[in-house]
Amino acid sequence: MRATRAVQKILAGYEGETPGVKGKLRQMLMTGKLGGTGKMVILPVDQGFEHGPARSFAPNPAAYDPHYHYQLAIDAGLNAFAAPLGMLEAGADTFSGQIPTILKANSANSLMSSSAGKNQAVTASVDDALRLGCAAIGFTIYPGSDMALDMFEEISAMREEAAAKGVATVIWSYPRGEALTKDGETAIDIAAYAAQIAALLGAHVIKIKLSTDHLELKEAKKVYEDEKIDISTQAARVAHCMQAAFNGRRLVVFSGGAKKGENSVYDDARAIRDGGGNGSIIGRNTFQRPREEALKMLGRIIDIYKGRD
Amino acid sequence: MRATRAVQKILAGYEGETPGVKGKLRQMLMTGKLGGTGKMVILPVDQGFEHGPARSFAPNPAAYDPHYHYQLAIDAGLNAFAAPLGMLEAGADTFSGQIPTILKANSANSLMSSSAGKNQAVTASVDDALRLGCAAIGFTIYPGSDMALDMFEEISAMREEAAAKGVATVIWSYPRGEALTKDGETAIDIAAYAAQIAALLGAHVIKIKLSTDHLELKEAKKVYEDEKIDISTQAARVAHCMQAAFNGRRLVVFSGGAKKGENSVYDDARAIRDGGGNGSIIGRNTFQRPREEALKMLGRIIDIYKGRD
Amino acid sequence: MRATRAVQKILAGYEGETPGVKGKLRQMLMTGKLGGTGKMVILPVDQGFEHGPARSFAPNPAAYDPHYHYQLAIDAGLNAFAAPLGMLEAGADTFSGQIPTILKANSANSLMSSSAGKNQAVTASVDDALRLGCAAIGFTIYPGSDMALDMFEEISAMREEAAAKGVATVIWSYPRGEALTKDGETAIDIAAYAAQIAALLGAHVIKIKLSTDHLELKEAKKVYEDEKIDISTQAARVAHCMQAAFNGRRLVVFSGGAKKGENSVYDDARAIRDGGGNGSIIGRNTFQRPREEALKMLGRIIDIYKGRD
Amino acid sequence: MRATRAVQKILAGYEGETPGVKGKLRQMLMTGKLGGTGKMVILPVDQGFEHGPARSFAPNPAAYDPHYHYQLAIDAGLNAFAAPLGMLEAGADTFSGQIPTILKANSANSLMSSSAGKNQAVTASVDDALRLGCAAIGFTIYPGSDMALDMFEEISAMREEAAAKGVATVIWSYPRGEALTKDGETAIDIAAYAAQIAALLGAHVIKIKLSTDHLELKEAKKVYEDEKIDISTQAARVAHCMQAAFNGRRLVVFSGGAKKGENSVYDDARAIRDGGGNGSIIGRNTFQRPREEALKMLGRIIDIYKGRD
Amino acid sequence: MRATRAVQKILAGYEGETPGVKGKLRQMLMTGKLGGTGKMVILPVDQGFEHGPARSFAPNPAAYDPHYHYQLAIDAGLNAFAAPLGMLEAGADTFSGQIPTILKANSANSLMSSSAGKNQAVTASVDDALRLGCAAIGFTIYPGSDMALDMFEEISAMREEAAAKGVATVIWSYPRGEALTKDGETAIDIAAYAAQIAALLGAHVIKIKLSTDHLELKEAKKVYEDEKIDISTQAARVAHCMQAAFNGRRLVVFSGGAKKGENSVYDDARAIRDGGGNGSIIGRNTFQRPREEALKMLGRIIDIYKGRD
C-alpha cells in the first residue's frame, strides 16, 4: 500500500535510515484504522513481567491468554502489538502477518529490592525479533537511575544492530531512580528531557508518559519561567515534548499509566492529538476491561485521533 | 584542495598516523571561512543530552530542530559540527558533504544522582561514524572522576579502531569529580593536566575549557610559583595549555561554557588566538541567540582568528 | 559545499544508501572543474598491472612515477583518481585530501595463458580503502567469462562491506571471455548488458566501454531489430546504455580504450554527453601524452562536458 | 651486532622465550653507551600523565615537547625510551630506529580521589606496540592495592599476547595501596616481594624502587632478623632484590623517584651496580634539569655502570 | 642509529606506512657493511626447499647446517638473511639480533608434476614472523602462471596483516608458467612487468632477476622498439626495471640465479649499481662456494656497491 502524504512526511524525517527500518515504520503507520493518518495506537502487554500476572490479568481473566491480546489489537484496528518474547512466541504463528509486532527486549519486575537499583534485564535479541518477524524492538531506559548509563549503552548497541538488519527501535523512556522525586517522574521538564534522550540515542519511536505541570530541576524551572514556556495544559505539555523530539521529526506515543476512568482516557487522547503527538500506547486501560468495553473504548480513541470526537 | 603551509605544518605533527586520519584532519582544517589558517571554530550540540532540551533550546526555539544547527554551522562557515547520533542522523542526508561532522560517541545527562559517579554512556560506535560519513568521533573524559580510568580505557580502545579505519578522534577533556573542588574544575593547573592526558591518550584534537588563575593541586601550586609560570592572563593560560599539548603538536580548541555577554565571547577568542590556541568550540553562546545575532557573532569570532579584530 | 541541483537529483537515485556512501559520491561529483555539473572525468591508472609498465608509461616516461598521475588529475581538475594499492600508497600522504581516490581492488595482467580463464585477483580490501581515506573501491567484472560468477560473488560481498562502512563502489564492467567473440566484447547489446549487470550488483558508479553497432547475441539481435532500437550513432548507443543503467538512475562513465587521435577522443566525449552519459574515465589517452598536451586535452574534454565545444 | 658474553648470559636466563622477545631484550641490551655490558639506563617519561605537565616539565620547559625526550635519550646513549601512546606517536617517524621504545600501556594520574582505589587505566594495546615498532610494553602493577588482582590479570593476559608476537614486557612493580603504610611502600621486604611478583607474572624486565631498611610485614620482619639478611646498605638491599628476581635470572632496573641532588643520584647508581642490579630507570632527575646538565649527569651514571666512577 | 640521508630519502617514498614497517626497512638498510648507503646485499637460502638439499648444499657440505648461513651473512656484513620457517627457527636463538631476518612465507619444490601448475605453498604466517622477530616476510609470486591470481590474493591479504603489525613485505616476483616461454622468464619486458606487479601489490622490497634483452610479448616488443627504450646493457635493463618500480620509489634487489663464474657475479653487481638498483640477493653463488671464497666474493660485491671496484 502506498504511503499517504502524512506518512511520507513523517518518514522523510528518518534521514539516512535503511530502507528496511523505514519499511517497518511505514508498516506500523499504514496498519489499522489509523493507517495513513500519521497517528498510532499501540497495545503493550508487558505488565505481567512488570507487575505480575494477577495484578495484570485477574480483572479480565481472558487476558491471561496471549492470543487474547493479539486478537484484541487486531480487532480494534490498532497499529502494533508490543510484548516480551514469550508472549509474542505464543501467538507468532496464528497471528503472523495480521498486525505488526514489537518485541519488548528488556523487562523489569516487582521482585527486586531497592538495593538492586532501577534497571531491567535484556530478555530478547535482535535475532529473536527477526525470527519472529517483528517490526521493531522495544527497550526501556530509566533516565534518573544510577543504572541509566548502562541502559543507554545496551540500547545503543542493540539499536545499531537492529537498524543494520532492518528492524525499527522503540524506546520506552521512563524517568525514575535515585536522581528523581516521585513527582519528578512525571514532571514536564523531565518528560521532555526523556524524549530528548531517546531521540539522541537514535530511537525511531519514542514512548513517554503524559506529564504534570510540576518542574523538577531547579535549573530547568528557571528556564521554563524565564522563557514563559506554556505547560499549563496537557496539550501544551505534549506539544513541548514534541519539540524535544527533534521538533517533531521523531514519532512520539504517550502512555497513560494505570487503569482509570474512561473519560480520563479520552481526555488524554484529545490532549495528545491537540498537542501534535503521534498517538497512544495503552495497555491496562484496555485489557483490564471486558473485551467489548475495551473495543468500544479503543474505537472511540481512534475516532478522537481522526478528529471526530 | 591543496593544504596551505599552515595546515601542512600542523599535520606534520601527526607522525605515523594513517593517511585516512590525516585526510580527515585536513578536511576539517581546510573547511569554512577559517579553512587553511590552522584555526578552527566548531559547533557542538550535545547540550540537549547534558542539560535537557528546554535549558538548551528554549531561549531560541528554532534550535529544537537538528536541521537548525547543521544550517547554522554551514552558513557561518565553521569547520565542523559535533553532535550525538540521533541529531546527526536527523540531517545526515540533507546536509551530507556540506560540513565535516564529529559523532559525539558518549554522553552525560543531568538526571544522575551523585552516587552514580561522574561518567558518561557510550552511545555510538566507530561503525556508526563510518556509516554516517563523519570526519571524527568525539569522546568526553572526566579527569578527576573516580570513573576516569574506565573512560580512559573506553576511548583508548575506540581510538585504536577509529584510527585504523581512517576516522579522527576528538577528546573533550573535562575535569570534574570526586578529586576536584568546583573551583578546581577550571583551575589552570587542572586545565593543562587535562590537555596533557588527552594528548597522551592519542587525541588528534583536544577540547578543553578556558581556565582561571586558580591553582588546585598543592604540589602543582608550588611548581607554578617556583617556576614563575605566567598564568596572569587568559592568553598566558592558553599558551600554557598549548605547551601541555605536546608543545603545540596537537590541535587544541577551547570552549567558553554557558551563555554570556558578547564582549566576553570576543575576549575569549582573542585570548585563544593570542595564546596560540587553535580555536573555539562554541555551542550555547551561538545557538541560544537568535540566528542572525549568532551568525554575526560567529563572523566576528572568525575575524578575530583572522587577526582582523 | 552544498550540492547543486544536478548533483542532488543524481544522488536522489541512490535510495536507501548510507549517508557515508552518498557523501562519497557527492564528494566525487562536487570536485574539480566539472564539480556540480553531474558530469565526471576520472583518471584510472591500472594499466601498469594490466598491460605492463613499458606499454603503459614508456610513451611518456614521467608517468612511471605515481606522483605524476596524482598531480595530473589534480592539475587537470578531474573528479577522481583510480589506481591499485601500491600506486595509491606511493602518494597517499603528499596528495591526501587533494582529490578523491578510488582503490582498484582487483587486478588483471597480460601474463596469463588462455587456459587460466578470464579473471582478476583481489589485491586490496575495504579496510585498505578506509586506511587510505579513499572515496570508493573499484572492481572489474568480466561478463562473458567462465569465471564471471566468482567475480560477481566477490564484488557482491565487498560492496556490502564497503557500503556499511561508507565507501562507494565503482564497477568496471568489461565483457570478455569464453562466451563472447572479439567483436562481441564491444557490441552494443553486450555493453548494455554489462551496464545492467553492474547496476543489478549494486554498483554506485558503472564503468563500461563505448560500443559498436555490432549485435552479438542472436536472441538480442532479433529484439533490437524488431523494436527498432536506435544504435546507429555512438550517442544513441550511450543513451541506450544509460537506459540499461536503470534509466539513468546510476552514474555511468565510459572508457575509450587505447591511445588514439585527439579528435577521436573529443568525438567520444561529445557522444557521451549527447547520449546523456555521466562522463569519461580516460587513462592512456592522457598519461601517454606529454603533460602539457594531456592537460590541454583534458581541458577540452571538460569544455565538451560543459557544452562549450 | 653480536651480543657480548655478558648479554648472552643474561639472555640465557629467559628459557623457552620466543626469539622475537629475546631479540627485543638483546636490542635494548646492545643499544647505547652501555650496549653489551648487561647494564641499562632507560628514560621513562610518563610523569605528565602521573603528575601533570607543569610538575613534570616546567623546571625545563623544552621538555614539554615529546621530541625533546627522544633526542635526550638518543644523545645520552641510553638503552631505551619509555612513554605512553601519544608521546611515542608524536615522534614515531622522526626517531624511528634510533632508540628502542617501550610503550607504557597503562597509566595513573593525580586526579583521583582516595575512594577510587589505587589502579591505572589500560591506555594502549600490544597491536599499538607492533604498529609503532616498540621493543616492549610497559605496565604498572600496585602490589598492596585492593585492585592488585585486577592489575595482575590484565598484565598476565597482555604479556601472553605480547610474548607470542615477539614484544617484551617490562613491569613497573610499585607497592602501594590499602595493605601498606607509607613507609611500607619503600620497605625492603616489600621491594623484594614486588620484584618476586613481577618475576612470577612473567616480566622480562622488572622495574622497582630503591628501598629503605624498613621492614613492613611482621611475619617477614621475623625472618629477616632470624636469618640475619643483610639489609644495612642500599647495595645490600639491591642484592637482596636481585635474589628475589630469580637470583638474578631476570633483568631488574631501579628508579630513584623525585628530583634530588646529583650526588645522591650517583650514590644510587653505585649501589645498584655494587648490588648487582641491571641499571637505572631515571626520568625526572634528568629531564627536569637543563639538557647539558642532564647529558653530563647521564654520562657520569653510565661511567659508574662501566665501573669508572 | 640515525638513518643517513640516503636512507631517509628512500624511506620517504613509503608514504602512509606504519612506523613499525618503516622501522624494519630502516633496520635492514642500516645494517651491515652497506648500512646507510641505500644499497643492500641479502642472503636467501630457500633452495633446499626448491631444488632439494643435495643440489643445494652438496657442493659445500657445511651449508647443510642452518647456522652456517646465519654466520655467513653476519660475517660478510650483509643486510639481511632470508629463509623458510624451519631454517630460521634452527638458529633463531643463537643469532637473534645479529642480522635482520626475512621469513620466506611460501615455498615451491621440485617434486611437482607439470600438471600441478606453477604455484607455492604458504608455509609460514605473519605471527610466525613476529614470534621469530623477523624484519620482514618474503613471498614469491609467479607472474605468467595460471595460479598467479591465487598467489596475488594470498600475498595481498598477508601484506595487509603484516603492515598493520609492523612487519615489512619482500616480494620475489619470478615470472614463469603457462603464459611464458623459457626465454620469456628472463626477458626484459617481463622483468620490468614483474617489478611493476610487485610494486602495485604493495611490496616494500622487490626481488626480481636480472634480465636479457629478449622481448617476450609482441605488444610490448613494439613499444620497446617504437620508444627506443635502451635495453642493450644489463645496467640499462636494471635502470628500466627501477622505472617500473615506481620510478625508484620502491627498493629493488636483483638475483643472479644459478652458480656461475666470479667475474660474472661482479659484472652483475656493477650493472645493478650502475643501473641504480638497490642491491643483490645472492644465494647459490655464495653458499655453494667454500666459506672463505664466499666471504671474499661478498666483500668484493660490497666494495662494488660502495663504488670502489
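Structure notes:
Think of it as A, B, C, D and E in the order they're written, each chain with its own count starting at 1.
Quick note on the criterion: a residue touches a chain if its C-beta (ideal position, glycine included) is under 8 Å from a C-beta of that chain, and two chains touch if they have at least 3 such contacts.
If you're wondering where the values come from, they're calculated on a predicted model, not measured in any experiment.
Chains that touch both chain A and chain D are the following: B. Looking at chain A and chain C, the chains that touch each of them are B. For the pairs D-E and B-D, the larger set of C-beta contacts lies at B-D.
When the CA atoms of chain B are superposed on chain E, the rotation angle comes to 180 degrees, reported as a multiple of 5.
Each chain gets one centre point, the mean of its Cα atoms, and the points for chain A and chain E are 67 Å apart. Separation between the centroids of chain C and chain E, computed from CA atoms only, is 35 Å. Between chain C and chain D the centroid-to-centroid distance comes to 57 Å (mean Cα coordinates, whole Å). Listed for chain D are residues 92-93, 127, 131-132, each touching two or more other chains. Interchain contacts give a graph that is no line, ring or star and is not complete, per the touch definition above. Under the contact rule defined at the top, the touching pairs of chains are A-B, A-C, B-C, B-D, B-E, C-E, D-E. Residues of chain C touching chain B in their complex: 1-3, 18-24, 26-27, 30, 74, 92-93, 96-98, 127, 130-133, 164-166.
Residue ranges of chain A in contact with chain C, taken from their complex: 15-16, 18-19, 22, 164. Chain contact summary for the complex, chain D toward chain B: residues 46, 48-49, 51-55, 57-59, 61, 64-66, 84-87, 89-94, 107, 109-113, 115-116, 119-125, 127-128, 131-132. Across the complex, chain B meets chain D through its residues 13-17, 143-144, 146, 148-150, 152-153, 156-157, 160, 175, 177-180, 189-190, 192-193, 195-197, 199-203, 217, 219-220, 223-224, 227, 229, 240, 243-244, 246-247, 249-250.
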